[in-house]
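The structures considered in this document are given below.
After this come two complexes, each holding subunit A, first together with subunit B and then together with subunit C.
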Partner chain A sequence: MPQTLLKYLLLSLAALSFIYPFIWMVSASLSSESGLGSLVLLPQGFTWGNYATVFTKIPLGRAFLNSAFVAIVTTGLVLISGAMVGYALARLDFVGRSAIFYLIIFTMTLPFQITLIPNYITMVQLGWVDTYFALIVPFALSSLSVLLFRQAFQGLPQSLIDAARMDGAGELRIIFQILVPNILPTVLTITILTFMGLWNEALWPLIVIRNEPTMTMPQLVTLFSVGGRADAQLGVKIAAAVMLAIPIVVLYLFFQKHFIRSMATSGMKD
Partner chain B sequence: MKKWTPYLLVSPYLLHVVVFVLFPVVFSVVLTFHSWNIISPMQYVGLANYERLFKDRLFWQAIWNTVRFLLVHIPLQILIALALAELLNRTRRGAGLFRAAFFLPVIVSGVVVTILWQQLLSFNSGLLNQLLTAIALPRVAWLDDPAVAMYSIAVMATWKNVGLYVILFLVGLQSVPEQYYEAADMEGATNWQKFRYITLPIINPTIFTVVVLSTISGFSLFIEPYIMTEGGPMNTTLSAVMYIYKQAFQYYHMGYSATLGFCFALIILFVVVVQKRYVEQDI
Partner chain C sequence: MAEVILKHIVKAYAGGPRVIRDLSIDVKDREFVVLVGPSGCGKSTLLRMIAGLEDITSGDLLLDGQRINNLAPKDRDIAMVFQNYALYPHMTVYDNMAFGLKLRNMPKDEIRQRVTRAAQILEIEFLLDRKPKDMSGGQRQRVAIGRAIVREPKVFLFDEPLSNLDAKLRGQTRIELQKLHRDLQATMIYVTHDQVEAMTLGDRIVVLRNGEVMQYDTPLALYNQPANRFVAGFIGSPPMNFLPGRILMVGATLCFQSAGSTVQIGLNNSIHYAALIPYEDRTVVLGIRAEHLMDLVMNGQRPYYSPDTRTVLEAVEHMGSETLAYFTLEGQRFIARLSGDTVVDMNKSIPLFWDIDKAHFFDAETEQAIR
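Up next, the complex of A and B:
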């Protein structure tokens, strides 16, 4: 019994150390500048002022829409292309199939440090700097997504495909109408991983986007907090960070188990 | 099904890989032999970029910073994740809730976590220094002391990522059949022996995963020093990616920046291969 008590005590302390800073952050964003240093969890001198100030200084609403647009469109493209390639690799026999598989492994092993600068130059040459293309196209196909789709399709019975072919269904109909509905957990995993990765990505936007109306949310918040425009106002900076966190935290509250399972899947893959 | 159907299905992917992976790798090698500010024409400079790199104090500083980061980050990550996974493994009630709490920082943007920790670690009003003051200890310049700053970032990165590794270890621990421990109990094995000879061999692949993923994240550090320290104080938190970024977008040295990227990538691959050789062996 004392052992159980100790166990729960330790677990609670650990959980607190992960959650308390976030609660403090929300509370600080709602505090007046003078009440900020406090350790307690309730806002000191409650005010919405910090949030109002953020919106007068940076176009955060616009950045939110940019981020949402980029993340949703890119995730859609990753799902469509991943299903097509994954299906071909899993269920069709063709010359060069294993070569493509090795290409995928190579792509996933390659450190991004090597492609960063050349890819920026490609964006410059294509005239895509400061456009949504630069944010979407380089991420529109993902090797991890192909690999996960391939694995899921391999687990389905051949009779499903044969029956559809007998009915005269084309390959695209087989993939998207017959097979994909049978592997929705995989679709959800890829959706979560891709969406989250894109929503949180800050480095690439910092490189290819320079004009404010096209900036994504993490980029804008980063530049705001290092650029001096927050004028050393802590509360304002923190309010911007809270707003960046809210969409993904809300999704996490709804799909918590799926988030954990998806991340664990991608961790195991490496 | 027509004969060319499979090729039609994979063609968008192949095109994408050629444009965004294969071409950049080749182009990166070409760039390392050139000097280029992206506006005027490229100039062939032979091995000058490599010569410069070997003599570049900041290149070695970035590697040294990454090593210092990893020396704290990896052991801390393994110890904490393993301890929490052990605790969770023996818990029925509330386990899901604890897991969800540990995982929260994993899903949140590094930008948020960095801004948050910047306040926690602030010298004058930070929570950590307030706690130190409360128990009558001197305050620490977590982000301004050259001897401390990188380790502060390493602890922050551990706090952000450890939840993921708790889950990975938990998966490993739960794959150990209960009978093994019962048999060991009958033989009178100590807790340490049970851990060393039953648990450790089974979770060893997970330890390898943690080491590799942490190494990669160490070499990929960017947003943390960019927001918190801008690489300072005295370049002690300058990371590999941050140095690539600086050379490319502050000085427009595209050739040299590509050389840095190329060499850092080689180093990462080399380190991971070595780790595979020595960490991932049967024990």
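Up next, the complex of A and C:
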């Protein structure tokens, strides 16, 4: 019995250490500027003022729509392209199949920072700077998505594909109407990982987007926080950060089970 | 009309051996042909080539006289039932059966009509709203067959459709498949490794080994006149017994002499007698089926047999209607099918009589039947 108690105590402490910064952030965003100094659980001098200030200072609504648009469209493209490439690598016979697969895996080992500048130059050459294309196209094919789709398709029986072919289905119909509905957990994993990665991405937009109406939420919040427009008001910065986190928190509440599975499957955090 | 003709079909994988070597068979309209052979003999590959799921390396595949080598599977008017059923797990039974028809842009009413009719034939109407995971193996098998039926194809292909069912259900489904074949009046090509299935279902059977046709004939012809030692050993359960030996002329009588005994080959064995004369002094293999080795109970009804072999049995299986007796003769494993009420004392040797007139002889080198 004391052992169980000890376990609960330790786990509660660990959980608290993770959740407390978030709780503090929320209460701080609802506190008056003077109540911000202390480490507390509940807001000190409750006010919605910080949020009101954020909305008057920056076009957060527009940035939210931009972020949502970019994240949704790109995630859709990642799913479509990943399923098609993954299917080809898993089920079609062609020369150089393994070589292509290993090349795709190799790109996963390159940190994003290394390809940042070549990617930027490409965007400039294509004239895509300050457009949604720059935010969407470079992320429309993900090696992780290809890898996960390939593994999932390999786990399905070949006879499923054969049967669909006998029924008269073409390759695209086989992929999207027969195979994909049978690997929904994988699809959800890819969706969650991709969507989260895109939603939180701040560095790339900072580089390719400069006009405010095209900016994404993390970019705008970052610029707002470090760029001096918050007039050194900590509460306002924190309120902006809370609003950035809200969509992911909401998603997490809906798909909690799949979030955990996604992390476990991919073995990586972002 | 749906006649399938395979002419000099070859299948070779890049850099690999030939899986099918120069194979020619014809399947007549409305015929039920079974492809049977041990695993790796190429029977499934052959079926998949007919379906269009595998390329044909060379040769001609004709359906009603039209060469269909390069036709896509969907354009061949052929339906296939797979070993693991291959039902679409996320669709209901109705949608599984209707999927192929929808892709052919068939009017909804006609699709409903066809699916309902097929479901009636197979007695699966109550399953139409279920998904595959909520059904038993036997029910899934019926749905898989239903999916083929609704297409009303010229040719049905079956790839070991019963191998995932338990023994009792397999027996039932075999009977139903026979009935289905009669009712649909369709051409059917069926792959199995189970020779009992082959014998019970096929109008004709193709016995395959290493991508070659060993024999293509009716079940009874395969059983009674096997063309070679492989077919003799493969068809029939229990398998045929084999004993190597020599053909000798003793006086005016042709004899088979093995290491331990000499047997007169009577003139009654008319199929073989004349053909065996040139084999005098040469090595042959004698083949005899289990039911042609008899004990005293069975022997009582027949005039003569020779020789009698005294043997100590190693194992006995009482099947009720018959008794299978296992023993070793001159180093060869033998099985005798004895009468069901045989009581065997395992410690005593018992006499077994050979119905030598029913024996088969095979060339020791080519393994072809001598006749």
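Throughout what follows, the second predicted complex is superposed on the first by the 267 of 270 C-alpha atoms of A that agree within 3 Å, B and C clash if a C-alpha of one lies under 4 Å from a C-alpha of the other, contacts with A are read in each partner's own complex, and residues count from 1 in each chain.
Definition applied: a contact is a pair of C-beta atoms (placed from the backbone, for glycine too) under 8 Å apart; a residue touches a chain by one contact, two chains touch by 3 or more.
These numbers were taken from a predicted model, which means no experiment stands behind them.
Per the definitions stated earlier, placing subunit B and subunit C onto a shared subunit A by superposition produces no clash, and the two fit side by side. Legend: residue contacts after superposition of the two complexes on their common chain; A:I178 is shown touching subunit C, with no touch to subunit B. Of the two partner chains placed by the overlay, only subunit B lies in contact with A:K7; subunit C stays clear of it. Look at A:A169: by the touch rule set out above, it reaches subunit C but stays clear of subunit B. Once the two complexes are overlaid on the shared chain, A:S159 sits against subunit C while remaining clear of subunit B.
In the overlay built on the shared chain, the residue A:F259 is in contact with subunit B alone; subunit C does not reach it. In the superposed three-chain arrangement, the CA centre of subunit A forms the vertex of an angle with the CA centres of subunit B and subunit C, and that angle is 100 degrees when rounded to a multiple of 10.
Looking at the shared chain after the overlay, A:D130 reaches neither subunit B nor subunit C. Comparing subunit B with subunit C, the partner in contact with more residues of subunit A is B. Subunit B and subunit C never share a C-alpha pair closer than 7 Å once the two structures are laid over each other. Common to the subunit B and subunit C contact sets on subunit A are residues 165. Touching subunit A in their complex are the following residues of subunit C: 48, 51-53, 72-74, 78-80, 82-84, 86-90, 99-100, 103-104, 147. Chain contact summary for the complex, subunit A toward subunit B: residues 7-8, 10-11, 14-15, 17-19, 21-22, 24-25, 28, 36-37, 39, 81, 84-85, 87-89, 92-94, 97, 100, 103, 106-107, 109-122, 124, 138, 140-141, 146, 165, 171, 196, 199-200, 202-203, 206-207, 218, 221-222, 225-226, 234, 237-238, 240-242, 244-245, 248-249, 252, 256-257, 259-260, 263-264, 267-268, 270.
In the complex of the two chains, the subunit B residues touching subunit A come out as 1, 5-7, 9-10, 12-14, 16-17, 19-21, 23-25, 27-28, 31, 38, 84, 87-88, 90-91, 94, 96-112, 115-120, 125, 127, 130-131, 159, 163-165, 167-168, 171, 209, 212-213, 216, 219-220, 222-223, 226-227, 230, 240-241, 244-245, 248-249, 254, 257-258, 260-262, 264-265, 268-269.
Contacts from subunit A toward subunit C in the complex involve residues 157, 159-160, 162-169, 173, 178, 181-182.
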